[in-house]
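Next up: some structures, all given as structure tokens.
Presented sequentially are two complexes of subunit A, the first with subunit B as partner and the second with subunit C.
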Partner chain A sequence: MSVEAGVVKAGQGGQPGWAARRLAGIGAGALDNARAARLLYSIFIRTLYYSVRGRREKGAVLRACYGIGNRSLFFLTAVMGFVGMIMVFHSCTQINRITGDLHLVGATYIQLVVRDFAASVGSMMLATRVGAGIAAEIGSMVVTDQVDALRMCAAEPVDYLIVPRFKASVVMTTVLLVWAMFVMEVSGMLTAWGMFNVNPRIFWNLSMVDFRDLATGLTKCLAFGAAIPIVSGYCGLTTFGGAEGVGWATTRAVVWSCFATILLNFIISTTALYVFWA
Partner chain B sequence: MIRVVGLRKRFGRKTVLEDVGVDIPAGGLWGLIGPGASGKTVLVKHVAGLLTPDAGRVEVEGQNISAMGEVARQKLRSRFGMLFQQNALFDSLTVAENIAFPLRRLTALDERQIAERVAERLARVGLAGFGDRTPNALSGGQRKRVGIARATVTQSEYLIFDEPTAGLDPVTSQKIFDLLRAEQISRKSTALMISSDVAGLMSVVDRVAMMLRGRLLFEGTRDEALASSDPYVKQFLRGETEGPL
Partner chain C sequence: MTESLVQLEVAGKQPGRVSRGAERAVRRIGRSVVGIAQQTGGILVLLGKIVRRFFPPDIDYYELKRNLHKMGNRSLPIIALTSVFVGAIMVVQASAYVQQFSATAFVGWGAGYVILRELGPILIALMFSGRVGANNTAELGTMVVTEQIDGLRSLAIDPISYLIVPRFLGMITMLFVLTVFGNLVALCGAALFGQLTLGIEWRVFFHGITELLKPWDVYVGLIKSLVFGLIIALSSCYFGLAVRGGAPGVGRAVNASVVASAVGIFVSDYFMTFLLD
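Showing the complex of A and B:
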């Protein structure tokens, strides 16, 4: 049945046809998405506002730093160490098949890690751990009325719940991702040395890393560190239902945080390309 | 006075409140009863400005809280104390910190005065010495009492109690009803109370309303409720199994 037929049927029978219902469904979905985008934007702006003008809770940022930073350290070190080993192993294997000259593998690998890989892979790991944690904590506060209780006590939920995590995440994500760069480089160097006999002095070649790579990599660290708590906080604050709702909020937080980091990565990489390398 | 006019609220496709209107007089204890999922909690959350209606309005002393922005609502909400159905205690804070939280946020009291007020509230609800514990270390009834202490600690003009005696034994329940009534009278506050313990509630309220499937079925004095010929009200107040409910 065509759209036209559906509309005609709607007009004739008094009941909306399938096409009209379909269009209404698409329209409702679009409106829901527009509302969600507006709310996410509102949370972002309020987070920035309360980061400067909000009320400071003693020790809240430090506690969040510990939760986001210290408690992610082992997980991130292990994952990024293995990712570095896998990347160098495959790079060296491929190079050996073509030219067999491995003396620049370290230089190009380190450039790739500093400019992009440590930040993008590491931030997705943090999105799974930190993002899920933030959404679950705030989501369970929503379904048990604790967020409403905060509002009854004149505590703005964005200020009280998201801002400390935002500040902590910007600092600790940057620190963790810089650490992840180092871990990836060391694990890659050891892999190249142990399996392909590449001398560590030759591998540890920083000649291809310059200010532009560092600026791009650090900008990504800061942007991802800011995005994860805002997206996850939004998912937590829009939780509804009981335990199932919290589960969905957690899933949404991981998915949307990862999506946000990939989107930001694209935007920052493209901008850097035009600014630094055009 | 609190005035509710033509209130309607939907969550998705489910209508939770439909054309609810009532005047709640100042300085009294107003009870709200009704079967589960009849919209009682949603109604009092509208009164506290925690929800925005799809249609209709809530006026507190003539101010339309439903049309206010968040900042203005927050200012008005500071005149309310609320006990939530699930207590809504902050898990990360101790009992004393939970009770002190509204004082720190809403008043200019110093730490010594806050500590005194918290100790007085804890003693009043029979939990003296429990200040250092976390909510997770308390029983359901104890958590409820901490919630009551937090709701009443700021001595608000408006009090909302959502199931203040759920999970408490009959003796403690009656003590809590009497305590809340005494608090309300001593401060001349306006109190709204939802309770499934109909007998206990009826022993302290001035007026009572009954909700059914999102609509206000009855509103009147306690005596009018007890004398009501409405079959729903009669059955619910008497707890009979035979009837329209």
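Showing the complex of A and C:
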């Protein structure tokens, strides 16, 4: 109480001083973040609950699969093809500068692609495309009061809107990222063949990929596939403020799903390092 | 116009001559080709209009300052967070190999090369496109849908020099500045994590960067960030101004702009990697 009074006195005429305003700003920010984290957690738990116990609408998951999976296929293939070419070009030029022995480029590259790069780069691409789509759809339903109408009909919005997208995203992200691994390997192989004369048979060397790499890569696929719809669904459900609000929701969905994939990647990579390799 | 012509042609044809599926496929291909050509042309025309406003300079400096603050300063926290983790992930990925060959002296070089030349500029540009580019498209799109742009025009205020040029300059400048900052943070994150997991001294880490990398490696990343800024600015402004069809149209435009920026970033990165080697 006395601290509060002192801070107030520091300003003029009973107005809060700059220190009080700063403190209030920090406190408000912390409260906002805590509230957001609690809501995100509650949406996650409810999604898991309704995935098991919820009602099943015929075809909802399949439609979501089509929207998330098939319609991202071309985009993901194009981007990951270019990423594969860039990575192999860089590694081959660097190796040529130092040793010039390109025998193990393929094996190491495939190991890195399976363990990390297909999942991390590909999931960021999916986060931009799928996350923006989910947040825009749910957000425009929120600002046009359709979600409130759902609640009035005693239908839980999480069950109705997020669960089908969650199931579809877990399946389709895994499928798409495995496809991305394949695309990256083929485009990398063609680059090594065309520009550095590495025989495709030497490049396509799977001897360094073992269970540990596969387990790490697939865990990442599943985790990213689960995180993207939850985070963007949360951003969509918390939309306010009309059409402009939908734009903001989309932006937040893209940024926070990208950040979620980076954070999860860090956690899974570190865990895998200590479990498998340390 | 093009669509109505296609419909006329299709209506004039006798049904059953060409199978429905084939016809639909051809029509879809044609429509997407026309769409891509329209978008490319629109973006180039927009670029031309923007460039013309620089001779003589016709820029709203108040808007420019406001946009620089909104796009740059307010993106700092998310860029810093992303960069720390990107640096840390680089070291975690490298550590299995480092322990195998005990090549601790090269960790600084490897992380520095990848972060400065490729990963730093690309990831920061992707985050920037998600945060700033998408928001810019939504803002401009809402203005178009609510006829605020026509309102500006009716007040004899040129929308390009009042709205677009400040955003264009703001995005290019701020992506460049944020890339410099993000590279630094990512390198510090890598160094910190290298010490925590692999026990590599900071001195050894930064020695590897300064000894084995050339200034050119830094410049390549920065040139890339300028080009990425140009791509994000053009695509987000173009898709924002080209919004049709009310509020749902704004959502579609945001999606299209983010996707176009991401594809543009990776494709241009591929060509720059060749040209700037």
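Throughout what follows, the second predicted complex is superposed on the first by the 267 of 278 C-alpha atoms of A that agree within 3 Å, B and C clash if a C-alpha of one lies under 4 Å from a C-alpha of the other, contacts with A are read in each partner's own complex, and residues count from 1 in each chain.
In the analysis below, a residue touches a chain if its C-beta (ideal position, glycine included) is under 8 Å from a C-beta of that chain, and two chains touch if they have at least 3 such contacts.
Every value quoted in this text rests on a predicted model; they were computed, and no experiment measured them.
Looking at the superposed arrangement, the partner reaching more residues of subunit A, out of subunit B and subunit C, is C. In the superposition on chain A, A:Met189 makes contact with neither subunit B nor subunit C. Shared-chain residue A:Ala260: touches no atom of subunit B or subunit C.
Look at A:Val163: by the touch rule set out above, it reaches neither subunit B nor subunit C. Contacts of A:Ala154 after superposition on the shared chain: subunit B is touched, whereas subunit C is not. Within the superposed three-chain model, A:Ile110 lies out of touch with both subunit B and subunit C [touch as defined at top]. Shared-chain residue A:Val246: touches subunit C; no touch with subunit B.
Applying the stated contact rule after C-alpha superposition, one finds that A:Phe75 touches subunit C and leaves subunit B untouched.
Touch criterion met: A:Gln146 reaches subunit B, while subunit C stays clear of it. Applying the stated touch rule to the two superposed structures, the subunit B and subunit C interfaces on subunit A have no residue in common.
Within the complex formed with subunit A, the subunit B residues making contact are 45, 48, 50, 74, 77-78, 80-82, 84-86, 88-91, 101-102, 105-106. In the complex of the two chains, the subunit A residues touching subunit B come out as 144-146, 148-156.
Per the touch definition, subunit C reaches subunit A in the complex via residues 78, 81-82, 85-86, 88-89, 92-93, 95-96, 99, 113, 117-118, 123, 126-127, 129-131, 134-135, 137-139, 141-142, 145-146, 197, 246-248, 250-252, 254-255, 258-259, 262-263, 266-267, 269-270, 273-274, 277.
Within the complex, the subunit A residues that touch subunit C are 75, 78-79, 82-83, 85-86, 89-90, 93-94, 112, 115-116, 120, 124-125, 128-129, 132-133, 136-137, 139-140, 143, 242-244, 246-248, 250-251, 254-255, 258-259, 262-263, 265-266, 269-270, 273, 277.
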